């Protein structure tokens, strides 16, 4: 092993951005966090206070220009600039780990005007390559393709010059020890043929109403929450699985205000795949006890369950009211170790030019399913696909 | 308390019939098992050997005629004669506890020819009052109504003369201590408004192919298995809940042969109710470890879960491969105590002329939903209902 | 099977006596509860109200004389008359199921004066045969032997005339499904040689101070609680296991008043057996959550654990404070089914003249160990035994 | 935060030494692993291969002399030189994190001959300050005191010149998230007064016989395993708790050979503390499923349990034989995260001159109790202490 380290910058120092910065600065020994960018000076100051001397930029573009030794960018800025920043980094040949979602509901000034054709409104969050673009209004089919193609093109074009370039849009659960254990067992046939997949992503109830405002840009509960479950379904069923149909139903049990953003606080869905496989999904914003992300894979000879008995740690409390245990309050509480593994493995694949831990094709399928589910949630219609994965019905939103 | 006991006969001594006989003979102190009927002499002999002196009949009708002190009949005979036997007992003013399903796929010689109009093929298992009738081919809408009406009429007509008569088609889970505990908590508002209901009924894999033959008469997996989950959904959401839509998807992962009976071995479903409530269902014939019947009720302030950690008893085995526990091999292993409670409570409500433990309206709704799900499973179509619970789309099978 | 039933009387209608009456009257189909005795008229009236017409007696002796068809007596009266009543029933050739403890700290008027030599104070609860006698002050060695011998003699003498007579002092856990499952696994060698046994009997904290008064007659926490664990140790290690040493330590964490009765509210103990086996015991009167009776058997190839995850039922509650489950509030909540099995199996062995479910030798060993532990608890001394199980040290209390 | 890092060397690259090196090199961002020493060249080469350029030494003393920037030493070398190496580092004013046990059963050439008086055989492992010294034969009381004093003196003497010097003998469980959660709850009074403490340290059965050879130098099962439980008892009861008595019993269930080293493979113990507190301990080398380290703290108002449901991760496997989960195979599998926290917190307290996470007094008490238990295990005698913690009985081994 050489002592070489990967020079990393983090764009954005909000909640998740700061966590990424912390993981790369203090928990990823093979990475050097050399720079951060944020439009908020106080966040830059706080980063220096916490991580010691590093370069700070109020302007992302300037950071790219001023840091010739930069090798990789972690895009965790405001979601409105994710796609733009990712593409700019891609075009400079940098490795990119892009937080999801790439973008929502805003005009994007593309770094590559000829291909993305200027600014445009986006509503549907769509993962392209391993990234996402979302539009605030139903894109025409044509526009949707343009968007996808432009991002894919940016990466594909760059790959010609930079064959070792890595671009990842991390699905953190793929780095979680329990999910990996489960996947290994399924992959080696322990449960026979995986046939039914049940998974839920449920956030702790936040009575502040945060999720109503958040929904304006989140892409909707299926895209924001269930995208993880969809990605897992593809991982466990095989990334070349072809979706056959999706259908979703939802309610607003605690946050009626979500309806104005075409969103719901609880939703269930069924996703059929060709080859006799079914995924059953549930997403919720109102779990009382905390983060409850549970997955079960039912095979012809056995079942593997992940987190069906949620817990914060190994402590049980015996009280006059019974036996109690706490559970993680949020996604980060459940998956912190996975994010750290993500940082380290992304760093390793960049340094060693090895395969990134996940393929692009699955991510493209995931976003297609997530967007279709969100559409089905609102329209109440089942959406069907042919054996190549193309929508059968012409009708779209 | 007086020493009065209820004189009971059990019709049918198959697997479940024998269990009922045992429950009433030895575990229901307020009941006297005075007679049994079965077309199989060996079963009658075995009953005498096990339960001591009691009257035995090869012919059900003769038992009704020859036992003037008989007060209640437990109908657990071959499913092909359930409905007929139940109606005959109803018309004699006897209390009836009818095993489900009442009937399937055979010609029924009705005891009340004018109302049931002769014999007819039946395919859809339909619960009428608390009972079920099933036909082997899609009945016309008219026939379906006739059948329903004829059974309801039999009971309603009898009630005029016998206002204390009880007719029950038991949903055993309603007698289970854990479900009752859960229901009490939900009913008193512990979890706020129950909003999402997830439930599964999953049988242990039986590699013998038993379920293929069984499917010919079972009514299908949603009617045979999920009817319990549907009943629970109505119980937890409120028995006056009105179904808004149903949609189902299924596969044959282990028993391709089920397709010839329009059945599947794994199926998932979504049931919407008016008022912002959703039920998510899963039924399976291929669980490796044993019977896995799990239910969760998600409310606006909490969740109640039943059997999310299945277990046979309180034993854990620590072995070189880890920590293991067994789970009940079948439905009876999980719900034996509930069946015994059912026997005792049915007896008590007959003796004391008190309310039976469940209402008829919910059971009617349950079978309507079960049949619609089974139809959706085969057609792939979502079925919608208006606010009175009437199907919106004219199209039926 | 014949329709023959066992005619049973219950002596005593206090908390446990009423439960026994209920089990025999309504949950033991092969038993007829024909009579009850109690010095409290109101209890007799309540029994008639609950169980219907049966003979009631304010006087135990009169019941024995007036009920010629009586076959078995359940002795569950005030502990001060257990031994006396048991011996009287034994001498009439009746089957006896005797609640523990047989007697404590009072003068007993023996039914057989020549052998028990009149009245005497008793402190140590001693199981003789399957029964117990306790004295309020340290008996001389001679007296202890006399007591033991007199009760053994009563039963042995009676057996000559009544070779089918059964006398049982029930250890309810031996009838518990989980303990039986565990025992079956250990007995067939699943865990290799059972070597270390850990068991606890812990009652829910009762802040009323009930246990202080109770301690005056209970025989002490090791005799009242741990006697079950000791019996289990002998059951799992083999009933011919020979104790090598005992040592105990205790505290009064919540009930200082227990000290005046030479008792403690929490105590731990180590019991060595010849042949390289150890039992580690814990008993407590201050468990917050409820009854916590847990047992683990560690073998050379595996471990079996009973109730290491206590629970009331299969319900889990998800609340803002985490996930909670309730546990049984008391011993009866945990072992109700075992008591019912005990009633039925006692009845069956009397009717069929089969082996009772437990041997006498183990029970004698259990009480010897329990008494020694209680002594060690107070003296702080380790007590040692030779390979025949005789105390090595001459020093006694 | 400044960018300052702590320059660390690791002495010894065996199993645990390599882990420490890894933790400091790659998982402790504030530490620089600058040097390692080992008498095995291959281990040094492997370290360079894994950790990149760092200084390697076949000779520990030379490392101390040649590394002027060194600030802290992690002593994880062969146990025979722990004490010697620790004292040498202490005398140079370096911070020390010393793996336990410091030494066993060998002659130690002291770095400070006048105070340690030359070489001597040691049997009892004794923690001095936060460190341990063990002798292969019963030291005279005088020698024991000399040893203790010499090490304490080394550190105390050094502290005069180096008041910021930190010397830690890590008890890894104190860094475990679950134990910390439990301790926080107990410390703030959630369970009332902690009164009974039950804890076990049980290793997975290693059929290779490794533990027999290991026992020659391990100090015995109570010192090697239970020292953690003893430390926890003191942590939960209060580090100023005074031991009142200890008593232990053990067996050799699987490794008869342990007897030649005065050791056992399963042992249980009771430790009394003044003030009405009891600890019940169990240690074993034959757990089938893996590492089972469980702790319960029973208070007057509640109980806290740590790891009563051991598990490797959040995966459950549903198989034809039931539901199974794996558990960590060894101590490191259970406590890896705690070791990493230990590395980081040790580093932080050295850099920031803050209080180390544990006090010395508790560690001294722990080793006293551990040695007394090991003695009681062999002699079969209960050992008592007065209220100052001094042995009451003059008799020693």
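Some observations on this one:
A, B, C and D are the chain letters, set down in written order, and residue numbers restart from 1 in every chain.
One rule holds in what follows: contacts are C-beta pairs under 8 Å (C-beta built on N, C-alpha and C of every residue); 3 or more make two chains touch, one makes a residue touch a chain.
Molecules present, by chain and UniProt name: A, B, C, D = Nad binding rossmann fold-containing protein.
Note that this is a predicted model, so its numbers are computed, not measured.
Any chain touching subunit B that also touches subunit D appears here: A, C. For subunit C, the chain whose average C-alpha position is most distant is A.
Subunit C and subunit D, compared by their mean Cα positions, are separated by 44 Å. The centroid of the Cα atoms in subunit A and the matching centroid in subunit C are 61 Å apart.
Among all residues of subunit B, those that touch two or more other chains are 205, 287-289, 301-303, 308-309, 311-312, 317-320.
The part of subunit B that touches subunit A in the complex is made up of residues 191, 193, 195-196, 198, 205, 245, 247, 249-254, 266, 268-270, 272, 276-278, 280, 282, 284, 286-289, 298-303, 308-309, 380-382. On the side of subunit A, the complex with subunit D involves touching residues 1-3, 25-27, 29, 49-53, 177-178, 181-182, 185, 190, 301-320.
Residues 205, 287-290, 292, 310-312, 317-327 of subunit C are the ones that touch subunit A when the two sit in their complex.
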